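Okay, handing you the structure first.
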Amino acid sequence: MVTERAREFDTQDLLINVGPQHPSTHGVFRMVLEIDGELVKDVIPYIGYLHRGAEKLCETMDYRQGIGFMDRTEYLAAFNAELSYVMAVEALAGLEVPERAQWIRMILCELNRISSHFMFMGAFGVDTGVMGTPFIYGWREREGIIDLFEEISGDRMMYAYFRPGGLAWDVTTNFKARVREVLKSITQGIKDFDGLFTENEIFVARTKGVGYISAEDAIDYGMSGPSLRASGVPMDVRKDEPYLKYSEIDFKVITGEHGDVFDRYHCRLQELRESVKIIEQCLAKMPDTGPIMPEKMPRMLRTPPGEVYLRTEAPRGEYGVYLVSNGGNRPYRLKVRSACLSNLQALKQMSVGQYVADAILVLGSIDIVLSEVDR
Amino acid sequence: MNTDLFGLQVNVWADAALRLQLIVVFMTVVVMGLIWAERRILGRFQQRIGPQKTGPFGLLQSVADAVKLVGKEDLRPKNADPWTFELAPFLVFIPIFMGFVIVPFLVGWNIKVLELGLLYFVAISSVNIVGWVMAGWGSDNRYAMIGGLRAAAQSISYELPLVLSLLAVAMVAGTLNLDEIVRQQGSVPYIVWQPMAFAIFFIAALAELNRAPFDIPVGESEVVGGPFVEYSGIRWSMFMLAEYAGLLIMAVVGASVFLGGYAWPLGEELGLGWQVVLVGAKAGLIIFAVFWIRASLPRLRIDQLMGYSWKILLPLVLVQILVNGLVLVYGWSEAILGVVGLAGVVALVSITGRAANRPRQIPARAAALKGEAA
Amino acid sequence: MKGIAKSLLTTLSTFSRKPVTRDYPNVHKTLPERDRAFPLLLWDQEIDEPFCTGCHACERACPVECMTVLMKDNPNHKSVGGTSSRRKIIDKFWIDYARCMRCNICVEVCNFDAIAMNNTWTGHETSVHDRKDLVMDLQMLLSQSHAGAIKEWVPVIGQTNE
Amino acid sequence: MTTEETTQPVADFSGTIWAEVDRALSGVTVRPERGLLDVIAHIPRDEVVTALRRLKTDAALHFDYLRSLTAIDREADGIEVVYHLYSTDKKHNLTVKTTLPTTDLNVPTATTVWRAANWLERETAEMFGIQFTGHPDPRTLLMPEDMTDVHPLLKSHPLAEIEVLQGEGMGYPEEGA
């Protein structure tokens, strides 16, 4: 009888559908939260709303045509996405990239990392509930970087500027001065974000200890980038398997220790500073003149049969391009290893047992770009 | 039956109607001004321009918005509970509206001087919780329901510190008559004697108004507008009107009770024009602070919010009341009040800081749930 | 509450700075020379005809197949008493701006420097009510260059600053 | 890229981790191949999960990180399932491949080894029609839930026709003139 009576007071768990149209899902991500009061009991993520079949499309394109599609798989860090792709093609074709082109690539990729991290700061700040201010801060700095990219490549987001072998054309003559100018503004932007968030008691209370994931779990889920490093795993392709000229550059791999939302934020903030340092070193070492493409480039690039899995460190983690060639002028199979997809897998692990508001923060803290998740 | 309306003898009912009309017009105009001001000020804080196209400096933006909202279709979800859904905006809006009755804008410029004015104010301002819950339940939307329940929990929790902080002043003043309280601050405003009560009043008022960092019920990034997620057009605009009218009334009451309202600290009673400036400046200061906070601070989580009210604000304000009682009963010097109040503010600041920086821990519940879900 | 005060001071410092936004439709940002909007055809002002000979190179290289090209015999060719040395010339040309992804490949493959990316604001402000209105025909593609309204920056692949 | 890495695959495994892998995988049929960056180990499908688990647990190799999991449609030669492994502390890589005949697209799931394989296998399954036996959550990932019979990344799957909005007969008034 007692149990019968007790059952009358049983509560039902509520399913709420977050997304694909929701201000905090950063695109067309959908998750169904099973909540008990304000506590999240289960998270069921649904992706694929932005699946455009970039991999299949690239199989029908020659190597140059594919670059445009790579831009679109990672629109917040298109240079980094292009880099993986062109480096994979170069590895297959055995192309040697001129030194100057490598330095320029590095500067642009690091700048793109900064712009992407600023975007994260803005979007994540809005997730925590500040009305618009972080967004404008982030956007302000990103705008300066994008203006620079536009002056160099001609486009603001879909650059199509890296080519197998080097760069499409040379940077502008005032490149170094412009980069230094942008760096100055970035330093101010980092200071602003640091002041707005890092010590703010409300921010700290909201983020510390939330969305915890241990290093073992994070590795097991295949997380990468700042989301993994926040758990204390110093895994960074730039350091572990240096590409471009990273071996000649002195920089730190930023790691957190707690693996919570705050550490994921703080890692990115510190990475901004590291990137600024990297760019400054690059500017000092970059030759002012020199070729940016190999001497002899075939009109239509063909690669010998073979395969390569080429990984680079994109802002959100390891962006890998698995390129299989059967000897033609187009990929036989192209697979994009998306860092966001793997990071997103751990969402359930991180948000179960948290409050609804925390689940939103956890999602924000792994900084997903849905076009990269779905490709 | 005639009554006195600003020196004119008019019929009681006509008087009531006229006064009501005055409030409605006044309130609507001021609210539109506030919305414009908030957008401009937030714009400045965020290094952008803000509304600027409609009228000079975009002053007519709110008018344009109002016209648009009135012209919009009034939608109701198919499964919504018609009565609760349709009535909820009124229940949110009317109590705020009624609160204006006792607000002492200027000398002699109020609708009614009530002896228990402060009591009336705190009583009437908590009625709108019902409207919020009705909106949340009636919308047949889970976001709305979560938002509505959050609103109820939050409003009830913060009602106590709000009332008690006002009570602290009322104790010292010895009256609940707002007009009288203002007049007593001819020389020294009560914020000097009751700084902690003011701090708590300000925090609790933010929570009562669902303003950042306590905008949990309407949290855009979580529950997408909460109780008014399903509202559109004129009903939605009533919620907005209520929100900004509430801000106005809280600012004016706060300015009157703690900052001395229209009273000039140097003793003399000023002319009407200067009174407008004085009240405007004092209330404006509070409103500006509210906007400033909205541009700077993240949102709290619901459990932290509740904990903050029950574990920190409430005990502190009770201590303040205790001290007030001791001072009054034993007739100690008023300076003690000021010192204790300042000490209280320091305590509030340090306790808040410590509460936020507690060592990180994974809640046991979370661990248990993880076991379940895995 | 030190951190909260720091946040408030940070926003206060931005309060005192100049706005970073532009009053967009009234104030346009100056576009860099290399800016890439949508492709346009160029007009040979000397001979007063398009540069394009309709050789289909861009059409074949386009990754998204947004172009359709038809060529014809040039009525102005020297052999028929005209002034032009182009034997063939463009007859009809369509570019679907809704499909174009602005990758610059058509410009790179063109042997006659006849196509360029629009680097003026007209190339960016192309919103229309119907998707079909974004399919540009030969006249629309040429008009801007004919009027001399675009700055020409035709990139050469691998070109250095030297 | 340095020049050594970009050279063609050769049968020389000096300077790679092949010796270690060979030791750890004793008893498993494995055919090595030298890729451009990593060593590729071909393992028959029945033994692949055993081999993967051994690679993960082996103290000297410790491949605790699954970088990527995908497949290649080799048409008549079947479908290759490719695992890219990495060790976060030893910092070395390995590619594991297993070939499935087109008539029988079954392979045991790797989710028991790394949880990371979960979504990657779901994606590979829907894109190539491979069955990962024992997969804990065999729903579609990117494709609509009811599209289980379409496998877009197979070479036999056609691209959609491009909707051409241009050309002759588009109905432009000035065009006919």
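Letters A, B, C and D mark the chains in the order given here, with residues in each chain numbered from 1 onward.
Here is the rule we go by: a contact is a pair of C-beta atoms (placed from the backbone, for glycine too) under 8 Å apart; a residue touches a chain by one contact, two chains touch by 3 or more.
What you see is a predicted model, and the numbers here were worked out from it, not measured in a lab.
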Remotest chain, subunit D as reference, centres from CA atoms: B
A-D or B-C, whichever has more C-beta pairs in contact: A-D
Nearest-to-centre chain - CA centroid comparison: A
Approximate Å spacing (C-alpha centroids) for the pair subunit A, subunit D: 22
Where subunit B and subunit C are represented by their mean Cα positions, the distance between them in whole Å: 55
Gap in Å, rounded to a whole number, between the CA centres of subunit D and subunit C: 40
Whole-Å separation of chain centres (CA-atom averages), subunit A against subunit C: 30
Multi-partner residues of subunit A (each touching 2 or more other chains): 133, 136-137, 140, 196-197, 200-204
Residue numbers of subunit B (touch at least two other chains): 45-48, 295-297, 352-353, 356
Complex contacts: residues of subunit C adjacent to subunit A: 1-4, 6-7, 9-11, 13-14, 20, 31-32, 34-36, 61, 63, 101-105, 108, 117, 119, 155-162
Sites on subunit A touched by subunit B in the complex: 14-17, 22-24, 38-42, 125-133, 135-137, 140, 196-197, 200-206, 208-209, 212, 258, 260, 348-349, 352-358, 360
Touch list for subunit C against partner subunit B, complex: 1-4, 7-8, 10-12, 14-15, 17-21, 23
Residues of subunit A defined as touching subunit C within the complex: 61, 64-69, 72, 133, 136-137, 140, 143, 150-155, 158, 160, 163, 166, 168-173, 192, 195-204, 289-293, 297
In the complex, subunit B residues that touch subunit A: 42, 45-48, 142-143, 146, 212-213, 215-216, 219-224, 294-304, 352-353, 355-357, 360-363, 365-370, 372-373
